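Note sheet for the following structure.
Every chain is named by a letter (A, B, C, D, E and F) in the order it is written, and numbering of its residues begins at 1.
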Amino acid sequence: MPLIEVRHANSYDPTQRERIIAALTAAYSEASGAPAEKVWVILDEVQRDSWGAGGASLQARDAGGTK
Amino acid sequence: MPLIEVRHANSYDPTQRERIIAALTAAYSEASGAPAEKVWVILDEVQRDSWGAGGASLQARDAGGTK
Amino acid sequence: MPLIEVRHANSYDPTQRERIIAALTAAYSEASGAPAEKVWVILDEVQRDSWGAGGASLQARDAGGTK
Amino acid sequence: MPLIEVRHANSYDPTQRERIIAALTAAYSEASGAPAEKVWVILDEVQRDSWGAGGASLQARDAGGTK
Amino acid sequence: MPLIEVRHANSYDPTQRERIIAALTAAYSEASGAPAEKVWVILDEVQRDSWGAGGASLQARDAGGTK
Amino acid sequence: MPLIEVRHANSYDPTQRERIIAALTAAYSEASGAPAEKVWVILDEVQRDSWGAGGASLQARDAGGTK
């Protein structure tokens, strides 16, 4: 009964979410031997002004060319 | 100072949230001996299109009978 | 399929762990209406030198009377 | 590549978020020796009706003087 | 810069860990379009006496046939 | 009552842990205005064979020059 939790800053539409859930479940099941029907996946979108990398938010980096 | 964090896919109204917080705090305190006033609870609702089980989102399972 | 995750600084023996799992599951199920057999609980013990409160670890507070 | 995740019940505007990200990154880098450009920060705001302390939500405590 | 975190109750040897990391990274990258070199994976093994399902730990279920 | 949780792959001795807890608490308190005595910090060390970046564990990257 593994739990896979993803934090991501990009937005995904429902079709992409479905595809990501299916892909992670299949990949984990195949690599670990755990039955796919026992795998849980949680997708957790983080807003770009709430995700910092290197001391600045992704939003600030998008806007300002911090990199 | 234990921290209890709940991820759930069902929506709860404020009354239910209050009841869940009280119930988990009391149960934990009684079972562990930790003082109730030191227990923190965080409720974190996950949207049904962002929670996968067995390779499909709960939303898709609700809609389509994946199972 | 709610997931209840507990971070705690006290150590619990297997009997206490079993009791905490049972108590949280029953409390959550009763308060939320979710079926108990779908509830997951994860207990995650944090070492006292790795848990800070008010700027000092619990270990330092135990030793030094920071409070 | 450390990851610093903050759960907080107060709301912060974009300027405050930027300041918190910068401050935590600098503090961690200086205290640990890890390069600042490798530090990630995630800010996760929890609603006051979803954060319990001592068996009641912060919202209920705000309203009712539980403390 | 997505972060994929896995909680699992089975033990994996280093070869399996490497395979799981590679598989999840590739699957996520392909399904989401995120570049693989930006994907982080954290594997977090939970002891069987610390993971509850349906009110009993996995260890108790292993031993006792709770199911 | 903010909670700051750090996942890190480097090992820190007790003195470093104490310093990191103090530094993060002070930085957060100053940047956010939250009282330092209400800030919690949890340090969570992840083994290098359990932390993947770009599809390989840090351990494999250390050993093999994946980068």
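Please note the rule applied: a residue touches a chain if its C-beta (ideal position, glycine included) is under 8 Å from a C-beta of that chain, and two chains touch if they have at least 3 such contacts.
Quick caveat, the model's predicted, so the values are computed rather than measured.
The set of chains touching chain A and also touching chain B is given as C, D. Residues touching across the chain D and chain F pair largely coincide in numbering: over half of the numbers involved belong to both copies.
To overlay chain C on chain E by their CA atoms, one rotates by 120 degrees, a value rounded to a multiple of 5. In this assembly, the C-alpha centroid of chain C lies 20 Å from the C-alpha centroid of chain D. Multi-chain contact residues of chain B (touching two or more other chains): 1, 3, 7, 22, 24, 26, 40, 51, 53.
Looking at which chains touch one another, you get A-B, A-C, A-D, A-E, B-C, B-D, B-F, C-E, C-F, D-E, D-F, E-F. Contact residues of chain A toward chain B in the complex are 14, 17-18, 21-22, 24-26, 36-45.
The touching residues of chain B, counted against chain F in their complex, run 1, 3, 40. Residues 7, 46, 49-57, 59-60 of chain D are the ones that touch chain B when the two sit in their complex.
Interface of chain D with chain F (complex): residues 1-10, 12, 16, 19-20, 22-24, 26-28, 30-32, 34, 51, 53.
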